[in-house]
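First subunit A sits with subunit B, and in the next complex the same chain sits with subunit C.
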Partner chain A sequence: MAEESILTDDFLRELMNVGEVDILVGMPTYNDAATVGQVVQAVRAGLIKYFPRQRAVIINADGGSKDATPELVRAASISDLRQPSGLTALRTLHSISTQYPHGGENGQALRLLLAAADLLRAGACVVVSADSVNIEAEWLDRLLRPITNGSADLVTPLYHRHRFDGLLVRNLLYPMIRAMYGKRVREPYPSEFAFSGRLGSYLLGQDIWSEDGGNSGAEICITISALAGNFQVAESFLGSRGRIEHGPADLVHAMRQTVGVSFWLLDPTFPAWSATTGSQPVPSSGGGPQVTLEPLRINRKRLHQMFQVGVAELEPVLKSILAPPTLAELQKEAAAPQETFRYPDDLWVRTVYEFAASYHKSVISRDHIIQALAPLYRGRAYTFLVENIDATGEQTENKVEDLCLTFERLKPYLLEMWDGRK
Partner chain B sequence: MKLLRSKPRHPPFVGFADFYFLGSLNLVMPQTAPWYQDAIIYQVHARTFYDSNGDGVGDFRGLAQKLDYLQDLGITAIWLMPFFPSPLRDDGYDIADYRSVHRNYGTLEDFKSFLDAAHQRGIRVIIEMVLNHTSDQHPWFQESRSSRDNPKRDWYVWSETDTRYRGVRIIFLDTELSNWAWDPVSKEYYWHRFFSHQPDLNYDNPAVREEMWNVMKFWLDMGVDGFRLDAVPYLVEREGTSCENLPETHAVLKELRAKLDQQFPGKMLLAEANQWPADLRPYFGNGDEFHMAFHFPLMPRMFMGLKLEDRKPITEILQQTPAIPDGCQWCLFLRNHDELTLEMVTDMERDYMYDEYARDKNMRLNLGIRRRLAPLLDNDRRRIELMNGMLMSLPGTPIIYYGDEIGMGDNVNLGDRNGVRTPMQWDGGWNGGFSAADPESLYSPLMLNPVYGFQAVNVHSQKRFEHSLLSWMKRIIKVRKSAPVFGSGSIEFLYPANHRVLAYIRQLGNETVLIVNNLSSAAQAVELDLKRYKGNILIEMFGRNIFPRIGDLPYLLTLGSYQFYWFRLRRI
Partner chain C sequence: MWEKFVAESTRATREIVTDAAQFLPHLLEMLIIVVLGWLIAYVLRAILRSILRLTKFDRFSEHTGASRLLNQAALPSSSELLSRLVFWVAWLGFILLGVGVLGIVGLQQHISNFFGFLPRLFTALFVFFFGFLAASFFSRAALLAAVNADLPSPRLISSTIRTLLIILTISMAFEELELAEHTVLVAFALIFGSLMLGLALAFGLGGQDLARRYLERRFGRARKEEREDELSPL
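This part shows the complex of A and B:
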């Protein structure tokens, strides 16, 4: 059995002591001591307040922290030997910690949590990020309730987001996944999400965990697998989400984890997405996504420059990926001065689809394909910033909706390329 | 091997027939404990047990005829519920004459005969004594209300207004709106903590205190072995207080105890005080107040722990239970004649208990659940055994409520708490063997349904089979009595990481017993830290089989659904 290889004997012994549970809270960590304390407190408060009768466990999958993160998680336990002051709990709450084998790769942590959930026969599982500094006890209720009342198998979050936060999600992941699988999931790459035991067992049995996708982009794997597997997906509004900044993001790495995994999953899920047209909203609770408008300093000039340089330097690579008309149009836009440069929806969608088809056909190294998409995405991000610089929240949302519709409208184009008709 | 015989402690009450078995283990026996610490108490109402004269109501002659059954069961003491003359508006807790027997149950001579017969069998008798209040039909109250200057006026608590002692909680919430009731005869209010037909006696009056001691002395002279004193926290009232657990109340009780010790050494007082452990502790005083007290908060938590499959509620309440003086003892019970009281739990816990054990609103009464043991546990034999196993092995003297030893059911359609007070089911014949009367004239309808009715659940049928609940109860009582450690030994919880397993060590002298309970419906594995006992072997106390010796590693045990083990630790 696959899970036997990832669960240590000590961890198994701890699971044995936990026994069957109704709710499993999973918390992947890596050197999160600065924030994990308040997160586990919120989790514990949420369990006691909203699920006092359910058997619950907090499981920390740690990537080898050197800052005592696991000890902080374990301290959340409630037992007959440890009853935190001010809290009255009906039940014992185990909070246990284990290390996952490949430090840094979240997929291994999630796989470990799935295996634990399967062994403990957890009816509902929620994964929370250890750096969610805004987490509140209510999040547990909002994420888990649709699972425990049987109305959903996967619950993804909705947040207050700044209009320029999550550009990759708004310009590529959300619209493309929506167009592919026909469900409007605003946060397909969630930091917090909940899933049913049924979906967890299904995911654990999927042949995705030995691949790079399952290792590095497990969250998006879970969303797409649920959509393609026809599981019920719902959204819950959580409010603002604050995070600790860990330094400048590595765009290529982020794209491997998200876009790369989305492209990779197009192969195994082809029967599902190829038969889907249009899209439907998923049930949501607590309100829709909300956009905040505070001023934000972004170096647009540098974005544009990186786009231009990328198009020029990667021309040989782009020639092997993009159709000639698309490449020509792209180069024409790249030649425009910054003031007038725009990466229009139609061209962006065709670019993405041609990259996806090339990834499918492995026209060159798949990793090179993802790397080549990074500078083009910068051009698209620049366009989004410029077009929405003075927009209201509603106008920004309308722009995103227009892009989504373009992805849906041009989906036949992807299908033609996919089966070689183009 | 030399047999060490323990000296009988309270002639003629030899008890501990199985104690001699222990002697072969060459144990150094600790100093003998007072009788009530090692007792197995059987709670019964004369009315409910056996009707000797065919009038539809159980009586003392009937009870005496069934003493052989109780002796065979193995119990060592009977706690009799009120049998005094009474209008019976509160099942006899409304006493109208403290020095007689209600005519329904026989005569004072019948009671004496029963008492002697019980003593001849080594069974002690504890009777109920309601100190706090009388019936409003008691001559004392009739005199008291007759005029404001009657000499007995001050025997009760009277007031011109109903605003004194404002804020004191009302106990019978379902029936009473106030602790004061208007007396139209003397045109004043009288104080009552329970039903309005039960006026509280005034313990500030020395004459009341003296008379109540005389009442107790009356029964002690006759030979009763102890009293269960009803509703003791409420004896004295003081403005601005909760009128519960007051120092003045403790002073009254200490006065009674001092007289008891002086004039009737070896007799016992048992407190009925439904309070938190910390509030209960003062009722033991410095060993100079009560000998025993009911541990009310533990009982609902045993049911809660079982349903939650989590030992936390049980260990938590026992952690909060203070140590009690030498010679004192807790009384433990699973069910009794009242509702399963939920006063000593939090709101969250009460809601949980209602939802899990009393979904039908008919099952709820006041702040409790009016059900018997077997129906509460879905008639699941494994859970019934586990709960009795804990009852018999946790620190305290266990009380078995009549009929629970055969798994009798309840009838929630009968009013008040009468659903758990139906006739004892002796056999599958006429009236379940309880009475020769016409069924219509029984004091209460018999249980008739196919699951719990007398034809399905009765003593006669269960006596025939070695594996019946009755036979099992006899066995566990026998095993319990074989080890004095259960009565007066210390307890130490083990806290294994598996929270579904409740494990503890009982120790007395050099006798050590390990108890391991699986609260879960599923099989469990548990690792016990028994390093301190390294080298001991475990002997399972029911089958006397040997289990592996304790070594350096945690001791691994597996337990089936709701299974429990009692092990005697032996170093050989």
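This part shows the complex of A and C:
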């Protein structure tokens, strides 16, 4: 088997000692010493409380941490199984730690977990993020239950988020993936998610584990592949999405991992998305997405300035990506003073679709296309912030819904550009 | 006197006729080679054009930015340009072969020099073409990186990189052609050296604040207000 080549001999031996399992918990780590112990404890508590009769294994795939993360995972794994509630496991709970190359990139870790799940014939798998600070034992039940009862093949999370958190997801990823594949998945780039063994084997056989795709943006690859492959997708509300701050957010890197990968997947999934119109909600449990409204100090002026500079300085690059009327409209908007500047839904959607078509046609280097979108996204983020500064949670959600409908309405425009009619 | 004149004229005419009789077959040979060469060059051009179309060479050229350069210089597409180049080089080769058949003294040496020069010409053209592609690619990469890093004067950074790479390319191509090697090398060293010195002085004297801000940002001592807009995009 090709996938066996990514499993080392030692790791294979450990997997063979485990034998077949019902549930596999995957935990990719990379310098997560601050949080990993707490995450392992929550996972173990969740397995003992909600799945005491199932055979389970926790697999930690580490990307070469330098802060003793694997040692902490091992230490947390061998701690007393007895929980404060007095519950104990009815089956042996195995725990394995292994290393994968390409430190920090989740793709290799997820591929390794998929291969292990396939080998152990796991019926349900859940991936949890090791830098989560809010994880609770209940998350395992909420993510795994739709898989174990056979009602879903992929379960993505719904979080309690600040209304200005995840602006790229709200303004581009969620609306575009919804318009393309016809399913309303609010978190297409999930940190925690669960999938069936059937979907795992399917993903392992897909040609998505290359440098362009699964290596850097595996989570979004998994969501899109499940949607395009007509697998049952469901959502579960988990609670607050808390993460440890590892450093300043690198927008271009985030865009490569998400926007780049979703543009890249438009080519192989063309038969699926070109025939889809409109969108349908996916089954969800535990309530819908919730937004918090605490005041946040944001330097909007800088966002606007970076947008203006981007449009002016990148003119020669944008000329080769955007259609002349779109570029002219964008330049007109960019010339407006900060107080009156807005990046309207319609123009934003046409911009994104023209970038996607240019990516498909490789008019310039594909990585340069993604980089050129970053300053424009800043303009859109500025508009979203200004338009929702005094809005209620419901009004913010309505704005996102309006944008999604614009993405759906203008989909024929993308199809026209895709096959060269425009 | 008259008889001598007639005899000389007759001899001269006979010699001319003899020479012409000897030369005409060579001329005919040359014409055949030239015409045949044109046909072969034409077929070569057609084959190369088809191969380049099949391999989507123009798309590769667009991808790397070469097409834009060619458009700016009012030149045809890359595949057309390459096909024409091959046609002319092949036909010129046949023309020179044909001229060689005429047996004109001294021309043979020039012809063999020309054929000896062809590999270097091709290498220089190769260096030139890919050098321009690299200049275009890296200058665009620098422009995008500078804009996204919020550096001042992104276009200046981009055009500096383009200029340096083009100068480097030209000097390499000329060195390959063995044309004014030393002049080009000295000119390159002077331009590159003065540019670097100028940049060092400009950055050292005029960019103290920029350098401090960069180092602060690089080593994590940025002020709080600079991090305020760092919302998580995901």
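Following the convention adopted for this analysis, the second predicted complex is superposed on the first by the 408 of 422 C-alpha atoms of A that agree within 3 Å, B and C clash if a C-alpha of one lies under 4 Å from a C-alpha of the other, contacts with A are read in each partner's own complex, and residues count from 1 in each chain.
Basically, a residue touches a chain if its C-beta (ideal position, glycine included) is under 8 Å from a C-beta of that chain, and two chains touch if they have at least 3 such contacts.
Keep in mind the model is a prediction, meaning the values are calculated, not measured.
K.L.:
More subunit A residues touched by subunit B or by subunit C?
P.N.:
Greater contact footprint in residues on subunit A: C.
K.L.:
For A:N230 in the superposed arrangement: first (subunit B), second (subunit C), both or neither?
P.N.:
neither
K.L.:
Between subunit B and subunit C, whom does A:H94 touch in the aligned arrangement: first, second, both, or neither?
P.N.:
The answer is first: A:H94 touches subunit B but not subunit C.
K.L.:
Taking the superposition as given, does A:Q395 touch the first partner, subunit B, the second, subunit C, both, or neither?
P.N.:
Neither subunit B nor subunit C is touched by A:Q395.
K.L.:
Once the structures are superposed on A, label A:E14 by its partner contacts, choosing first (subunit B), second (subunit C), both or neither.
P.N.:
A:E14: touches subunit B, not subunit C.
K.L.:
Look at A:T277 in the shared chain and tell me whether it touches subunit B only, subunit C only, both, or neither; answer first, second, both or neither.
P.N.:
neither
K.L.:
From the superposed pair, tell me which subunit A residues show up as contacts to subunit B and also as contacts to subunit C.
P.N.:
none
K.L.:
In the complex of these two chains, what residues of subunit C are touching subunit A?
P.N.:
59, 62-65, 68, 137, 140-141, 143-148, 150, 154-155, 220, 222, 225-234
K.L.:
Can you name the residues of subunit A that touch subunit C in the complex?
P.N.:
164-169, 189, 243, 247-249, 251-252, 254-255, 258, 296-300, 302-303, 306, 309-310, 313-314, 317, 320, 361-365, 368, 371-372, 374-375, 377, 381
K.L.:
Using the touch definition from the top, list the residues of subunit A that touch subunit B in their complex.
P.N.:
Residue positions touching the partner: 13-14, 16-17, 19-20, 52-53, 55, 79-81, 83, 88-92, 94.
K.L.:
Contact residues on subunit B for subunit A in the complex?
P.N.:
304, 308-313, 315-316, 319, 346, 348-349, 352, 493, 495-500, 520, 522, 524-525, 527
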